[in-house]
């Protein structure tokens, strides 16, 4: 029995399990403290409200697993909402064409960043930071005001509620979950996914082993751009508007979610599913605070920091403990 | 009888004005014996949506919020309506397809504030002997509603006046530091030709005043300064003669919000638009007004 | 044996490659015939690895032609080289530590099932391939879990797994022991029989003569000559590598020593062996999953050899002694040390006068983008403390001295260590520890990748240090080497010490039996 | 040979920017003597760049150990707030004449502010070195909570300082040059001396490039990592004092917002790799100057605010590309 526990504790996915366990603990604590917290719909709301973040975090997971970073995602999201809104309102494109166009554009944007990073040996941090300025800047070139979306398809997507177990979730949340499934499959069962891990483990070795490092890296950033654009589309479903100031600082949330989900920022280690637990944890922290409803703006920040701290430390200590025990 | 429960989603704590706004709502709630569920959105719309959803889940009596932006509220407000929770907006309006999604809007009109600033300047220009007045403008955060509206209102008024010319405009992000930094650059680039500074909020104006002083000019005299908000710092500056006028944008919406909420709860009809009393305070009245300022 | 009338499968001529400040290859060349094992030999820094990297598209040469089956090739990446049918194991293990052993073997050419990666099948196949080499490990565990030797075997398995025309192995045996080497050779012979051309790099003369058909000797970036193995004596070979015919005797000695395993026992610190003074004594030192409680003691001036099979726990013992890993049982007493607890970290151990040269130079030794000088003085500086910086003059002096003594081939002492050849990096790391003048030096595979002549010199140097009173714990996969220099020897098996032999009792059969765990 | 120097590329970028200024902005390099000090755009740039330079300095060392510190902005807010609150004082009206007094002796206040910054650094350092949290999450905690603390102290209000001597730090002049410049110079000098005279630089690089090997060589890796985070926060603390002194108030909501990104950008523009190891202090200083010059240029050129970001990003792309050897090769191949 003990040996089993030990084997379990030394499994590579242990950190991720700790994360899930802590998430459940946090939900339970919330349920005990605030009436109405532990309802199904609150949990579904976590998914609905964070669908776009989950989608971004999925793209970000690939980037981080490969040892890179992508700071442009939040801005690309905003750009996607902006372009969608503008195309729908001013150019009167059909909504499906708009979505396809935006997705392609996001992928191209990411691919361009990836190409700069790989072929010119530039640092991912700077390239994507400049990309972040660029994408947001482009939003303002379209319009500095927010543009409302009135397209029927978008409105329908926004207001549809899919009944599930007595609660409801949004199509956006469903899309995000499906994407997560696809991403887990890609990371685990395709050559591309494994190349991502290999590059994160040791880029030089991956090159020497004959992997197409350049192509993979460009693809990774393209994927991240695509996810950001898709998140933008979900965000436009969610908000029904395009706006240059949408989703500011989302890149940091996405990185935090991925890292909290157990992925190492230095690359090579972690699981795609961790993105989900990371996103849910950030969401739960916010929900806890909203349910509490007595915190001032600054106490909100302090409590978020404190919960992050407790969370990271417990996660870390449990992992260390498990290692020592093995 | 159970106390009234209001869920209030605030934009954030990005400026003194906002903090005063929050304080006013909290104080008023306490005085009115209302249970206030407060959520800070840290300047992000998605956080506000999340907060509103959790208010719905908690079945509060009334939801109030200061929207970060105008668009994008249809879905969540529909959910609130489905849950039969009335919504009151404060400070800014929203663009929704169905006007019944909210009960009332209590707040200022940013465009009108811009207009007031413009009118004051037009009056001033009439008295001024100079042939043209070169204006520099310190905008708020690019894309934010107050920045867009205050710029639009101001432009609307001065457009017809050939004497008034905006020579430079740049964003100062509503902060003192940026206001000062940008003003420094303006002063170097334009030299002494700047006659008027129009700042979208007091903080930027206060920063700019420092830059003007450091350039060896006299703020309020060599360069006329107009700003918006009417925070304490602005009054101090006016008393010191460094600021010419501030257009009030009152953050003290709390009491009105509580009144409206109580009325809605009691099933009384309330006006769709509740305007806050706001004035224009030129330097001459500053000393007299100063003791009355709460924030 | 390759028939000369067959056209070479691979022919390189007039290859030039220059790095800033170094001419790595000038007019180098190579001919490979199908179905032969061809050994590339040369001193450290002669350009062997560079030639291989040029051939496989890691570096682009300034000049030269490469013909594969008569057609000119110029691969611009390892991927291209692989697609051309050239499969390579590079000198430094180039695998991904985070991936499982199985994946490291199969990445890039996964077995599929319904279009997706077939993990089960892959693991089965990987286990089978490793079993061929007598390695029985959990292939699902990450590679970083295993010792360097296992990693090297994985790299070899990976290269063997490809359907290649040309197989290149750059010092694959440097951290393998006798048994593994033999297994590898069996595999190579089989591949040779299938008509594959094999290029093999080693510094071991024995291995060269055991397997190769033909030898190309490189010297200073040039092709010195190509010889049939059967027609080249050991002495002649060493001579050609060193390139100093005047130094005939020296060459003879080198060849002799290297060839005769336990033969002419070097006159190591015999006198000191009798010294009763203990420098270090460990009692019941152990760590769960790594080492069973083990006793070990080392006397002043003694050269203690440690041998055993792969994974027998030698490296683990060394790491525990040095505090690199935390022991969970036992204690260590050392001279001038109050506590009897195991060392908590390397700093403590260094403070007690211990030095440790790790077997894994890429991950645990070299700090790649720092210069030779900085790498060399690092341990010394750490000991002196941060505030007492060693004056630059002194650093340069030290570095220059060691570069001279150990014959380190480098453009200058300010060259980043990463651009040195493997053997030369190893020498710098050795120098790092020698410079601290420890009381006890733990050398884990210190001669890994070092050429015959330098090995000789280093061993002489080490023996001399012993005579001056330094104790040495010497770990090497080359049994002859250990036998030759040790005053005393401990044999390890199954993660614990299982036998101790004094100098007089040493002979290879006894030891081999002990290692293998059979009654002699 | 000189052209090979790693600092040449960032310097060239800076000069290119200045050249643009020279051509398009009349009187950009014009300096005059005003009120006993030099006055002009260039002075503005260095004065404004001073806090960024300090932040970049601390960040350089953190990055050299393969870490990152995103709490810099929060520490700036916190230290500025502490100092401003302790010194500030309320304006007392005396017969219509305002009188200003420091609440706490300025020296104490400055010490307290720096103390707060050092505590922040120690906190970060502890989380990274002892607990082994990933630097980005470890400092994320303080990034969020630190600003909250600062706002808690001020109740979200801007704390105005009326005490004159405090202004000297951020907007005073010494021998005609901004005082902040001397502070930066002193810190840079001290750090370079430390790098030259002690083995600190070597150790930091070793830890950044190969922490395992560094530990085996006997370095106190944990202590070193702890130190760099403390140092980074100390630099941020000083930057915070400078910023609040310059605007004569502490704005807990906005002070130092996103300064960490600019600092990291400055470090990378200066040629230090985020993968750790080799670093260049001078490069980071030049990087900070590039950023500030660019910002100033945008203001001075009269670029419409909505285009700011596009211009900034395009320049960053160009600077990076100009530094990439691969790009140069392609260029050469085209030309040939």
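Structure notes:
Labels for the chains are A, B, C and D, by order of writing; each one numbers its residues from 1.
One rule holds in what follows: a residue touches a chain if its C-beta (ideal position, glycine included) is under 8 Å from a C-beta of that chain, and two chains touch if they have at least 3 such contacts.
Note that this is a predicted model, so its numbers are computed, not measured.
Note on connectivity: the fewest steps through touching chains from subunit B to subunit C is 2.
Interface comparison, A-B versus B-D: the pair with the greater number of contacting C-beta pairs is A-B. Using the average of C-alpha coordinates as each chain's centre, C ends up farthest from subunit B. Separation between the centroids of subunit B and subunit D, computed from CA atoms only, is 31 Å.
Per-chain CA centroids place subunit C at a distance of 46 Å from subunit D.
With each centre defined as the average position of its C-alpha atoms, the distance from subunit A to subunit D rounds to 30 Å. Multi-chain contact residues of subunit B (touching two or more other chains) are listed as 13, 19, 22, 142-143.
Across the assembly, subunit A contributes residues 140, 144, 296-298, 300-301 that each touch 2 or more other chains. The set of subunit D residues that touch two or more partner chains comprises 151, 156, 306, 308. The chain pairs satisfying the stated touch condition come to A-B, A-C, A-D, B-D, C-D.
Taken in their complex, subunit C has these residues touching subunit D: 322, 324, 345-347, 350, 356, 358, 363-370, 374, 378-379, 381-384, 386-390, 432.
Residues of subunit B that touch subunit D in their complex: 13-16, 18-19, 22-23, 139, 142-143, 168-171, 173-177, 180-182, 184-186, 188-189, 191, 203, 206-207, 210, 214-216, 233, 236, 240.
Those residues of subunit A lying in contact with subunit C across their complex are 12, 185, 188-191, 194-195, 197-198, 200-202, 204-212, 268-269, 326.
Partner subunit A is touched in their complex by these residues of subunit C: 58, 77-79, 81-82, 90, 94-99, 103-104, 107-108, 110, 116-117, 142, 158, 288-289.
Of all the residues in subunit A, the ones that touch subunit B in their complex are 34-37, 39, 41-42, 45, 48-49, 52, 139-140, 144-148, 150, 155, 158-159, 235, 238-241, 243-249, 283, 286-287, 289-291, 293-298, 300-301.
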